[in-house]
Structures are given as structure tokens and as C-alpha cells.
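The following pair of complexes shares a single chain, chain A, combined with chain B in the former and chain C in the latter.
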Partner chain A sequence: MASLKEEVEEKKKLIATLRNKPWRMKRRLKLLKECQAFVEEFEGALGKGKGRKLYAYKVMMAKKMIKFNRDFDNFKTACIPWERKIKEVESHFGSSVASYFIFLRWMYGLNLVLFAFMFGLVVLPEVMMGLPYGSIPRKTVPRAEQDRAMDISVLLDFGGYCKYSILFYGFYNDERTIGVLQFRLPLSYLLVGVGIFGYSLMVVIRTMARNSDEGGDGGDDGQFTFAFKMFTSWDYLIGNPETADNKYASITTSFKESIVDEQENQKDENIHLRRFLRVLANFLILCSLGGSGFLIYFVVKRSQEFANLDQDDLSWFEKNEVEFVMSLLGLVCPPLFETIAELEEYHPRIALKWQLGRIFALFLGNLYTFLFALFDEVNAKLEKEKSIRNATIWGLNEYYSNYSSYHNTTDIPPPDIHPADVIRGPCWETAVGIEFVKLTVSDIQVTYMTILIGDFLRAMIVRFLNYCWCWDLEAGFPSYGEFDISGNVLGLIFNQGMIWMGAFYAPGLVGLNVLRLLTSMYYQCWAVMSCNVPHERVFKASKSNNFYMGLLLLVLFLSLLPVVYTIMTLPPSFDCGPFSGREQMYNVVMETIENDLPAFIGNIFTYATNPGLILPAVLLMVLAIYYLNATSKNYQNANLELKKKMQMARDEEKNRRNNKENTNQVMQDLEDLLPNRSLLPPAAAEEKPPPVREKGSKSPKVAKRPGAAANGKGINIQKDVSLAAPNPKAAVTHPPGPRGPSGNARGPPPGPARGRGRGTPPSRR
Partner chain B sequence: MGSRASTLLREEEIEEIKKETGFSHSQITRLYSRFTSLDKGENGTLSREDFQRIPELAINPLGDRIINAFFPEGEDQVNFRGFMRTLAHFRPIEDNEKNKDPIASEPLNSRSNKLLFAFRLYDLDRDDKISRDELLQVLRMMVGVNISDEQLGSIADRTIQEADQNGDNSISFNEFIKVGNVYILYIDIDIDI
Partner chain C sequence: MGTTASQLRKDLLSEYQELTFLTKQEIILAHKRFSELLSKEDRNIPTPRVPMEKVLSLPELKSNPFRKRICHVFSTSDMKDGSLTFEDFLDLLSAFSDSATLEIKSHYAFRIFDFDDDGTLDGGDLEKLVNCLTGETDDTRLTTEEMRQLISNILEESDIDKDGTVNLSEFQHVISRSPDFVRSVQM
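Up next is the complex of A and B:
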């Protein structure tokens, strides 16, 4: 404050005396402007001058704004759901287990947005502005099914009233506009269906990009990892005892993680044996994957044959063979892969990734069978639909001709049949939707049951039977379960894939998933904290969740394909859903462009879909991708170079300081004379290998350092002594030019001549 | 409470404290009211039990050592001046102070004084070196019995090996400063911390 006053005074004085200064006009004018601006700006701050009130007001508003921003940021952070729960899990189980829960929370957010889209733009308009239940055939339970429509068993199978409700595709009407607002439901349905994929794609890629910013794989070796952990890990702002307990656990876990990282770096490297074992392991796993793939194919083929036989002849096993085989594979293969993977001896983080990849390949087999079966069903229904459609059209024509011949008019009212009695086609989209919903529900049930039995029951048995059992259950065979990260993550990813595929045919599915994720979060957090123990070797998750995101992206593309194929190729049912009566589903968009938008937009679209325009656009995008890729690689390289330079600079300084402490003047003189420092390396070599950060050399470093410490002083002293002796001769003979003139003074030792600049070299005597 | 506090603290005292520690007037009066609220015995000094009542210090593994740092050698009571002198280490560094007075001695809240404060927390015997045993004590406090002794020993060895530069198997103050300086770089980059 006082300094500001002084400066303002100074500037004012300068303005007053500017005329007297012997400067050019230009310079004076410039300085004058500067000073005047300065005085005007800050005089208000000092409570003088014109802008005083305004300035004080501005300062107060600025302070209030800062406080408001800070409070808002605090509020936003407090709004992040489940943060405390996840921190608790993290401090007890490590960051890899917590990364699963963070992923789960992210999924919940994504699904919430998708639900908002679906609900707000499709379900709500139909419910509020569309025709109510029972008014038209597609919204009514057919007469034949009505007496069983309320049975629990039928409802649980999603038949009956469930089937003809907003949950499924068939309920939606195909009127072009509905209600007072002229809401275009079919268009909205199609756009939301495609928009779900677009939004998910955008969010996944944005998250991947943001994560890749935070550095690569976890376990970067910094310069002072253990020192930082020791001196800086406590959070001094903690005041709550429970939080303090969590922090203790988290510090312990963090030390354990670093120990694991260190152990991995110090392992003995017998490269050939390890490579051989890894190749062997991969071969075995490929064999088992191939075997399971063949088994699935065989079983699906057989189920197709069974479908042609009479259903009553088949036993329960034969009817459910496909599901049985798939569950068996899902239970047996992951532990098998894990056992084989022990041959490979990877770092736990990398082993987790391999495990995820392999189970992913296995689950793709599941997906293949499911889609195959579904596709068969769809084709069958399409066939049936053709015949019913023909029958309906024939019936309608008959009715019209009879009516006109009977009553002799051309103004024929529509047939007066109760909606429940109308002949209905098999709505294949609703059938597909029902399949997806059933699959999701059974998936939820299996997961929850597995946790209840596999974790909770097991923990109860181990805890309470331990009192009366021969061997120690807790340390020995069953013991407490560990949290299965890979299984859970893959389950989550595949579940989301199902949702993406099914959302188009069953709008209620997204809501169901939101509920499922919500309960999953609480249920699994509880199960982990009460029934599981931390892993034997706690390892730090990689800083970015990009691996999970990558898998999710892959699944997103895989689930996009069937839906897009359906929209483009398969004909919609003729009597249910918002696209009924049209040739293809996307015709809705064409109709909208023709009827609702002005003419020239139609022209624009026609031009835009011209192949001559699309191909160059695709080419341009490919080139842009290539260019951006090349640029990013260059940046990465530059980054690495800078890091290396920084590391080298640090090492240089360390060496120079160490050498300064240990060498004498003689050494320094020599250092300057000899351009390549050939006399120094022995001393520097002691220091250089330790600071160089190679992963493999950490154990020699551990051994060398105390050794160097012990011998360092000794060796350097020896060097001093040994180098001091031949010094006079060496110094004189080496350097050419500069030594020339003083070569005449060779008689008296050249020491003082050089030593003048640096003081007397001590140990020369 | 506030008015009672300011009448007990005289203007000259506030000025002296301001010069010594660099706190502003309002900060000093606020800290004085905190001092009096901690001082249950109302005798103008704080004892160790008064500090133990602060929850953040009670649950801190290094809490006892921090409390010790407030008390000068061998004494059991600290008055307001001593309290402020120790607290001055925690004041944030401001840029415009650098221009003030180049001849005056280094302010109490300079970076190296802060690091010296932290260093003294670990160096119990005040020999200006953090030895392996002192590190082991700190580790034991932070981690409890969850990690085996020999692993703790290796952690201590590794820490010394990382930070030690002159090979005396202990961390001197200069080496400690080096660690602190690198840490400042890392907390910008390493979002995890």
C-alpha cells in the first residue's frame, strides 16, 4: 500500500518535471501517457482522485467474486456423489480397486444423461400427448392374452401388460405429429436412438483425451519417490478421526504399492526363460480360447437343429444347452487364464490388462451367440409377419367391398372392431427389446447372487466356522475373497454394450440400467468393505483409466453395428412402433425433410449425399488424422528430450558439486586444461551410475551407494596424491598455443603462474 | 470476545509483532482471539495440553513434535510472542516483500525457514542431520504395525539413498532443501498428490 503511494507520487512528480527533461518529444509523449494512465488507475485505490468510489466498488466486487467462485467450486466438489465412500475403499484396498468404483460412477453419469434424453424426448411426449392405453390395437393387450396378462410369471417374463407399455418399442404410435405442440414423435425416436450413440462416443473420446493428459502408465519413477512419500504424505488439514484412520490406511497402502513397484524393478532377469514361458502361456490360452469358440459354435448349431424339432421332445438340458455352456465357460475360463498367467510373471498392473483382454475375447464369443440367436428369431418373425400382413390387407379389402355392396355408399367408416380383437403381427422389434431386457435382468440377478454367495456367505463361513474347524480357514483354503477387478470391469462394460444395443428397441431399458448402477454402487461398496480383503500385492492403478475406456469404445462400436444395420436394412413391422407402414426406418427423416423443412434444404441434402462430395470429404478427414497424429508424435518426442535434458542437468550439477568438494586445485587446473576431462571419469564414474535411472540397475545401485560412500573419499584422496606427482611435466607438455610464451619460463615451476588466478594449490608440496 | 482481546493487546506490541513476523494488524488480532480461546487457564500462556485440544493436531502422527516446536528449549509454557513467532513460519510468501529491504535478515516465512521448521520436526536430536533411526521412528508413527520391520528398514534406507548426496548415510539440511525444491515442481505436474 505504501509502496503504491510512493509510486503514484513519483509518477506525478515525473509528469510535472517532464518538460524540463532533455529528451525527444516522442519519448516524452510516451512517458506522459504511461504516467497519466498509471496515476488514473491507482489514484482511486489511494482514496483520492475522481475514480475513488468506482474503484472501491470495483475492488469490493472483485473480492466478492473471488469468494463466490471459491464457494461455488467447493459446492461443486461437495456435489460429486459417493466421494467419501470411494476414498474409504481406496485407502483400504488401494487405487486399483477404487478405479473400478470411479469407473462405475462415471458410467452412472453417462447413463443418467442417456436416460434424460430417452425419457424427455420420447417417453414423456408419448405419455402426455399420445393416445392412452387401449385406444388403438398396438397399445392394447390382445384378447387371447388378456386373461393371463396380470399373472406374475407372465409379467416377470415381460409379457402381458409389460409388453404393451412404454417400456417397449411396440407401444409408440406412428402419427407424424402428436398433440398441441405438433411434436414429431417418429423423428424424435430415430434421432434419439442415433443420438445416444453419438453422445456416448463423444463422451468416451473426450474422457480418453482428458485422461491421456495426465501422463502414461502408473509407476513413473520420479526422482524422490520414497522421500516424497515419507515427508509429504500426511494431509495436515484433516480434523476428523475417521478420515485420519483412512489416511493412515492409505499411507500404508501407498508404501506397499511402492514396495511392489520396487520389487518388480529389481527382479532377476533371465530373459530367455521368461520369453519362453510367456510364449508357452500365450499358446495355451489361445488354445483354450479356440476350444471355447468351437464349443460355442457347435452348441449354437445344435440349438438351431433343436428349434426345428418338436419342443416337447427335448429335455430341459437340451432346451437350455446354449445358456448352460456359456455360463460354464464364464465360470471356468477366467480362473484358468489366471493360473496360466502366473507363468508369465508380469507386473500386477500389466497382468491385469492381459487378463482383461483375454476375458474380453471370451465374452465376445458370448456376444456372437446371442446376436446369432436373436437374428434367427428376427428373420422368423419377419416371415410370419408377411403372411399376417397379407391376411390383414385381404380382410380389410373384403370388409370394404362387402360394406359398399351392402350399404351402397362410397363413404365407408373404418371397421368397428375392438382394439383387442384386431389381428396383430408379431412385432419383432418388441421381441428383440424383450430379449435384451430379460438378459439385463438375469445379468443383474447373477451378479448380485454371486456377491451374496461367493463373498458374503463365504466370509460368514470362514469367520464363524473357524472356531470349530481343523485347519485355519482364514489363512488356508477358502479364506476371504479378494475383489475381482477384471471380472467386474468387464461385466460393467458388456452390460453397457447390451444397453446400447437394446435402447433402441426398449426405451425403458436405460431407466432400468440407471437403477441397476445406483444399487450396484451401494451394494458393492458395502460388500467390498465388509467381505473382502485387500490383494496380497497391492498395486497402483495406472493414472489414466484409458484402458477401460478403450475397451468401452470397442464395445460401443460393436453395439453400434447391429442397430445401424437394422435402421438401414430391415423393414419395420407394419402395425407397431413409430415407423410402422414405412419401407425403411430412416424414411422418416426423408419425409420430414420433404414436408416440414423449406425446399432449398432438401436440395442441400441431395447435393450433400452425392458420392462425388462424400469421397473427397472422407479423404480430407483421413489426411487430417494423419497430420495430427504426426504432430502429436513430434510433441511427445520433444517432451521426452526435454525430460532427458533436465535429468542430465541435474546429474551434471550433482557431479560438479560432488567433485568440487573432493578435488583440490590441481584437479581443477587439470580439468580446465584437458578438453575431454580424461582424468576425471574414474571419479565421476562412481557418481554417474547411481543417478542414472534405469529400471534394471536399481539393485546394483543399492549395493553401490554405500560402497561409494565408504570408498569415495578414500579414492579421491588417492587420486589427488597420484595426480599431484606427475603434474609439473604433464601440465607443461600438453596445451599448444597458450603455453607457448610461458614455455620459456619452464625453469621455475609454472604453478604460480597459473595458480595466480586461483590461489595456491595446496597439495603440490 | 473480540473487544476483550484487543484491549488486552497493546498497540506497541502489535507493531512489534508485525515487524518481527510480517502479519497484518487484523491477522494479529484474529490470532490473539484464537490464542485466548485456547488458553483455558487464562494466564496468558499456553501449555502442551492446550494444544492437544486442537483436533487436527491430536490426530496428526507428528502432532507431538509440532507442538514441541512451539515451546522453546526446556520450557513448558509459551506466551503470545512465542506463539506468533512459530506461526510466522506458516505465513504465505508474498511477492512484493522481496523488494522491501534487501539488507534486513531473512523473514521468518521464507522458503528455507519453512523447510528448516519441517526439518526440525524430523531431526529430534538437533544435530542437523536426519539419521536412519530418526526416519524409522517417523515411519513407525505413520504406518503402525502394518508393515514388517525389515520392510520399514528398507524404506528408510531407500529414502536416505535417494536424498543423500555426500554419502554420510543421513539427510542434511541442504539435501532436505533439494528434495523440497523438486517437490514444488512435482506438485504442479502430479495431479494425484
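Up next is the complex of A and C:
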């Protein structure tokens, strides 16, 4: 009964793994039908006796589950958007360009989820259950700005009606609960703001783990260069003859390069000159990085001065100076770095890594300088706010005292001022949000313009002017552009970093980004197919995947820092946003714990935040990391040992098959040590079986005698010896003639002794 | 279009789903493409075969340097002419799909690279392989000297038991260390 069940399980397992077997379909189909018939026949039999109905029910549910899973998988694959488009790009340009679009699609998915969070938990409740526009001061355009609030130029600058809308932080009210559902908006705002980072972190790390799993351990890079080039360089996704030709050429070039590399010894012609040049190049680049940082700082300071002047006097250029300068730097510096890097004369792959690192440093430096400059602005606004706040409180007190002295009551109604006329503080959070949104928008504009001019216009010029130009434009100087993968990916990563930083202050930013990614996908797919040509040096896409994910993770942490810092230290504005009136933003959480949750949870939190508890927890985590590190090192060592063992086993088997001498160094040394080689029988191969073999010995393996017949006879006779009486032992000594003398010396030669192992004991009886 | 003879039976469809790495839509699409390749008379015979030239006209295979070998490897025809039935075609698509395992891909890749079908990759096979990869024209081919050097380097790297050929387990060992084999062997 049990064995039958086991068989059924085995057949089921076989069915599940059938697709992994490299057999012909006919054979697999036959086997599948057999197994299925077997399972059906005996599954019914197993269900006899008690619990038959339950068993049959379980089986049916299992089958339905499998079918459901399969249908769900099918559905999931059908839901992935843009699959055809990406495959088309892949067949024309190879897998490395397509990897950018796959990355873009992944980002789109991430942003969609973030948008769903922000929209569903913050924007929607405020819109549906909160107070409408114009009811309270923070939601109304101040009287002074009202006549210009609808101007397109003001709107494009995100002032006017845009500023006092759901797009920005300042619109949200600070009531503890709103609407029928008692929805706690301030708490939700804070939690969503932090939750965005948490979710992004989780998704990025999960993708990194999955990528590193598929990619193998990435070790031993230089070990198999040629074999890899040979067996894995062809990209089977290529379906376009032009790309195929390019691929052929690049494969040939890479073969020739590797051959030459292998043959030649690199002679360092002049180490000192090269080192000097490299130091010079790095110095120049540091200078340019510093220069760009200073430029941004200067421009942001100037924009603060401009903000104090009357807006009408400023030109468009002066108003958008900051964003313009930042985008310009992002365009100009990378080619500059590339030109300077020519001095260094690195191998192309290393040069690419340096280039990426420098561009990364550039973007990071720019972003952080921008943040610091912004920070100064925030502090200035906080100062201004104090005075306005004092003025407002003073005004309110005046009103109360006048009213009570005039009407002689203590029950004073709130002052009857139109919301648009109330004195308003400079809402620094909304100002920061506006800055980020403007930066993102200008980044989008610059990217699209670059593609339009750099690729499309260039392609049109090359195509149409070629008819009437002196030299061949297509083959010579401008020619068609190639798709700059690393530049685009870095741009995408930094764009995401800006979104992460700005999402807390401008909830509408995430929605804006979703739109941008959507249009980007279509726009760039079109641009790539119509204006670009496949790369001449076709690059591998694989290992870079985790590199870009690593960059994304770094950017995530770096954008987390400013937001968390502001949440923890800066006081919120007193009259705008969901945290107005509180000392710190995170006080919302404290209040909720005190007022809304049962008392003991509050106690738990108080205990949990005690430093005496936190320090040991941190210590425990450090110890856990150390332990995991040590275990992973041990596993790596065990791996190496296993590899060595495999190698040795292969060597042994090879020797056995090919009848050669022992190539294992240890065994060779052992052979040399043996006292008298003449003692060994001519079938010297007998000596080679290592001691291990003796224990599990099988006598037929013994003799590699010249004649198979003699071999057979020897063995047969030995068998006779072991089975029959000791007498025939006399006959045994004869055929193994040369062995005779050694038979007496029972010592060193393991072979004969082993062969005789069965024979000897009976003789001694 | 879509006569009853050229539709896939439901039970067969579910069995194919069980046995290959393809989803239901992919199998149906494959059946449609396969039927388009058949000539009119062939459509009504029970297990139709598509001759090799027609298969090679598929866009995915047209630019592939190994297209003829692929057809030969997946073909079950007795005449060794590289013609494919629908089941062979499904085998092909399943081996090249992106959910196929490394073992399946490496197994089939080995057979594709084994030009003389002797179960090992010897010097002749490797030479033909390199010539396929470097293209048809004369100026992209390698010289004899370079070829010799290349082949000796490859054998040095991958031939573990030093018998002058690369057998299946050595090949799989090399491939398992490669990070982008799985991604590149796809259609």
C-alpha cells in the first residue's frame, strides 16, 4: 500500500520534471501518457477504505490548483506590457540596448505602485473627504496674487493655482481625522512618505538578489575567455541582417584582439609618464567637478535674490536659471570627461568604468550642492516665518481683547476674515516641492530636446544632405548616432533619485513621473528604431545589470537622508501642510499612539525606544552579520574542496580508461618511494589503485595482463579458490607465474595480496 | 484559415503545455506560424513536415549562423533532411524560450555545435564553429595561424581530461560559469 503510494508520487514527480529532459517530443509524450494512465488507475485504488471521499477530494483540489496556477502564469505573462516592442528593438540592436528598455519598464512598474500608494492614501482622501478649495487660508490663493493666478507663465512656474492645489504639501489640512471614515490624514501622509522608501528598498534588493542568483557567482572571470567568446557570444535574439553583420564583425575583432593579447606581453613603455598623465587627468576632472558644484551654488544663491525682486522684471532665463544650469552641466560634462580620459590610456572596459564613476560623481555632487543651497533657503524662510507667526498671534490677541471689551462676552466667535486676506507664512515645504518639480520638468524637457536634436535632426541632416555634400556623411563624420546606454540609464537613475527626494513635499510629483516614463517608453522606442544604428562594438548586457541596481540602491539611500533629516529636525510651517502647529513632524505618530491606541501599546513603545534596549539589539545585529559572513566563507572553502575532489576523481577515471601512468602527483611520489620495483608484477598498473580502493575492492578490476584469456583464467581460478576447498590453491600459484615469488612475500605489493586475499586464509587453516 | 484540421486539439494543447516551457498563447501562436509554412496539400496529412528551406525563411532563424545545424538537431526525419514536424518545432521553441533551464539549453547548444554528430567537439567542429561566427565574407575570416592559436587556447581552457575534445560534461561545466549564456540563447 505504502509502496504503491510512493510509486504514484514518483510518477507524479516524473510528470512534473518531464519538460527538463532533453528528449524528443514523441518519447516524452509516450512517457507522459503512461505515467498519467498509471496515476489515474492507482489513485483510485489508493482511496479505498476509510477517508476515500476525503482523499478523492484532496486529489481533485490538487489538480484544480495546478491548473489554476498554470492559467494564472499564462495570464501574468500576457499582462506584461510592451513585450512586442522590446522584442523588436532587441532583434535590431541586440540584448544590451533592449536591457535599457527592460529597465525602463521595471521603473515604470515601481513608480506605478508608488503612485498608487500616494494617490490612494493621501490625495484621494483629501480631495474627497477634506475641505474644498477656498475654504481655509492654506487652500486659497492670497489676495495679492489673485489677479495673476491664472496666467500661463505663472502656472508654468508652478505658482498661482498650481501652488495651492493637491500637487504640493501646503494644501493638506492638519485636522486629526477627516470625513465620515475618521481617516487620519496627517498620520497617513507621514507613513506613506516613509513607506515609499521602504517599498522601493524592498523591491530593489529583491531584484538584486534575483539577478545575482541567475548570473552565477561571477567569479573566475579570466578563466574561460576564449570558450565564452566561442560558445556564448552569438545573440540568438538578432533577427536583422544588418545587425547580424555587425555582430560578425565585432566577434571577429574580439577574437583577433584576444589572440593578440594572449600572444603579446604588454610592455609598459614609460610608467612614469603614464602615471603622471593619469594624475593630471584626475586633477583636471576634480577641478571640473568642483567648478560645477560652485556654479550651482552660485546660481541658487542668485535665484534667491531674484525671488525677492519683482517677478515681472525677470526674464524667463533668469527665472529658470538653476534648472537650466544643472541640465547644461549634465549635458556638457560627460563628453568633457571622456576627452580628458583619453590622456589615461586605459583598457576600454576599465575606461568605461571610470567614466561611469565620474558621471555618477558629477550628478551626485550637483544634486547635493543643490540641496545645500536649498537648505539655506529653507532656513531663511524659517526665520521669516517666526516674525510672521508672532505678528499673526499678536493680531489675533488684539482681536480677542477688542472684541471682549467691546461686546462684553467671553464667548468670542472666530474672526471674520476672508481666507484670501489672512496673513500667510512662507510655506517652506511647498517652496522645496516646487523646486523639485521644476527641476524634474526641466530635466524631462532637456532629455526630449536632446533626443530630438541630437538624434532625429542629425539623422535627417545626414540622410538628406548626403546627396549634395562633399564627403560621405553616413560613413564619415556625423553619421548616425548610436544609442548611449549608460548615459540613459544613469539619467533614469538620477531622475528616480529626485522623485524620491521630492515625493514627500510634492505628492503630485510621482504622478508626473509615471506620465513621463510612459511617454518616454514610446518616444525612445520610436527614436531608437528610426534614428539610431546598431553599435559597432556590441557589448554584453549581463553583468552590468546588477551594477545599475547597485547604483539605484545607493541613490535610494542618498535621497532618503535629506528627507529623514527634515522630518526629524526641521519644524513644520505653522500654517500649511498636514503637520502645521506641531513641534516636529513625527509628533503625529506620538499623538496617535497616545490618543488612539490602547494604553499598553503606548507602554510597549516607551520601553522599546529605551536606549538600553536598542543598543543590545544593534549589537545582536552586528554579531549576526559577522556570523553570516563567516558561514559564507566556510561554504566557499567547501566549494573549492569539492572542486578539487572532482578534478582528482576525473583524473583517476581518465587514467583508468586510457591505461596510462598515474598523473596524480601524490601517487607518483608514492610509486617512487616503493622499495623494489622488481617486486611489482609486470602488470604495474596494479599498484596504482589508492588505498581507498582496497577496502571496497572488486577483484575483477585487478589485472591488466597482456592476455585477456589469462585474465579470465586467473579470476576464474580465484573464484574457484574462494568458493571451493583450499586444495586447488596449488593450481592457483601456477598461472600467475610471475607472481609466484611475490606470493610468499605478503608485504608491500598490495595487488597480489589483495588478489589473494581470498585465497590465503584458507591455506593457513 | 482555421479549418478544423489545422486547429490544435485541446487535450494535445494541455499536454504540450505540460511538456514544454511554453505558455498556452505561445503554443497556439507557434501552431499558427507552423501552419502558414505548410503548403496546401500538406495541411491535411496527420503529421505534416515542413522542409528545411521553409523553416529557414522564418525571421528569427534567417540571420542566425547556426540555422542549418538547428534544423538538423531538432529534426526527427529519417532522411536526415532537416525537415520539422510540429512537435519538433515545439521542441525548438521550448529549448530557446526564456524559461528553459540551463541544462536543456546547454544540451541542445552542444548538439548544435557538434557539426559531425560524433558526441564530442573536436578540432574540426571548433574550426567550423569559428568560421560560422566570423561570417561569410573573406575579410572577416581568421587566418589559418590565428585559427590554430584560437583552437588551442579553447581546448586548453575547456578540455579538462586533455583528450583533445570537449565532451558534454566539460561543455556544461564551462557554460555553467557563463553569466549570459541563458540570456543570449533565446528566441
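Throughout what follows, the second predicted complex is superposed on the first by the 426 of 765 C-alpha atoms of A that agree within 3 Å, B and C clash if a C-alpha of one lies under 4 Å from a C-alpha of the other, contacts with A are read in each partner's own complex, and residues count from 1 in each chain.
By our rule, contacts are C-beta pairs under 8 Å (C-beta built on N, C-alpha and C of every residue); 3 or more make two chains touch, one makes a residue touch a chain.
The shown structure was predicted, so the numbers you read here are calculated from the model rather than taken from an experiment.
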Let me test your reading of the model: by the given contact rule, A:Asn74 touches which partner, first (chain B), second (chain C), both or neither?
second
Once chain A of both complexes is superposed, is A:Pro132 in touch with chain B (first), chain C (second), both, or neither?
neither
Check the residue A:Ser3 against both partner chains and state whether it touches chain B (first), chain C (second), both, or neither.
first
Based on the superposed arrangement, let me know which partner A:Pro611 touches: chain B (first), chain C (second), both, or neither?
neither
If we overlay the two complexes on their shared chain A, which of chain B and chain C does A:Leu32 touch? Say first, second, both or neither.
second
Give the label of whichever partner, chain B or chain C, reaches more residues of chain A.
C
State whether A:Pro22 touches chain B only (first), chain C only (second), both chains, or neither.
second
Contacts for A:Gln647 in the overlay, against chain B (first) and chain C (second): which applies, first, second, both or neither?
second
Intersection of chain A interface sets (partners chain B, chain C)
214-215, 223-228, 230-234, 236-241, 244, 248, 251-252, 255-256, 259, 262, 543, 654, 658
Under the definition above, what is the set of chain A residues touching chain C in their complex?
15, 18-20, 22, 24-26, 28-29, 32, 70, 73-74, 77-78, 91, 95, 214-216, 218-220, 223-228, 230-241, 243-245, 248-249, 251-252, 255-256, 259, 262-263, 540-543, 647, 650-651, 654, 658
Show which residues of chain C lie in contact with chain A when the two form their complex.
15, 17-21, 23-25, 59-60, 62-66, 76, 87-88, 90-91, 94-96, 101, 103-104, 107-109, 113, 126, 129-130, 133-135, 140-142, 146, 149-150, 153-154, 157-158, 160-163, 171, 174-187
If you look only at chain B, which of its residues touch chain A in the complex?
55-56, 59-62, 96, 99, 118, 122, 135, 138-139, 142-144, 146-147, 151, 154-155, 157-159, 161-169, 179, 182-183, 186, 189-193
Where on chain A is chain B touching in the complex?
3, 214-215, 222-228, 230-234, 236-241, 244, 248, 251-252, 255-256, 259, 262, 543, 654, 657-658, 661, 701-702, 705-706, 708-710, 712-713
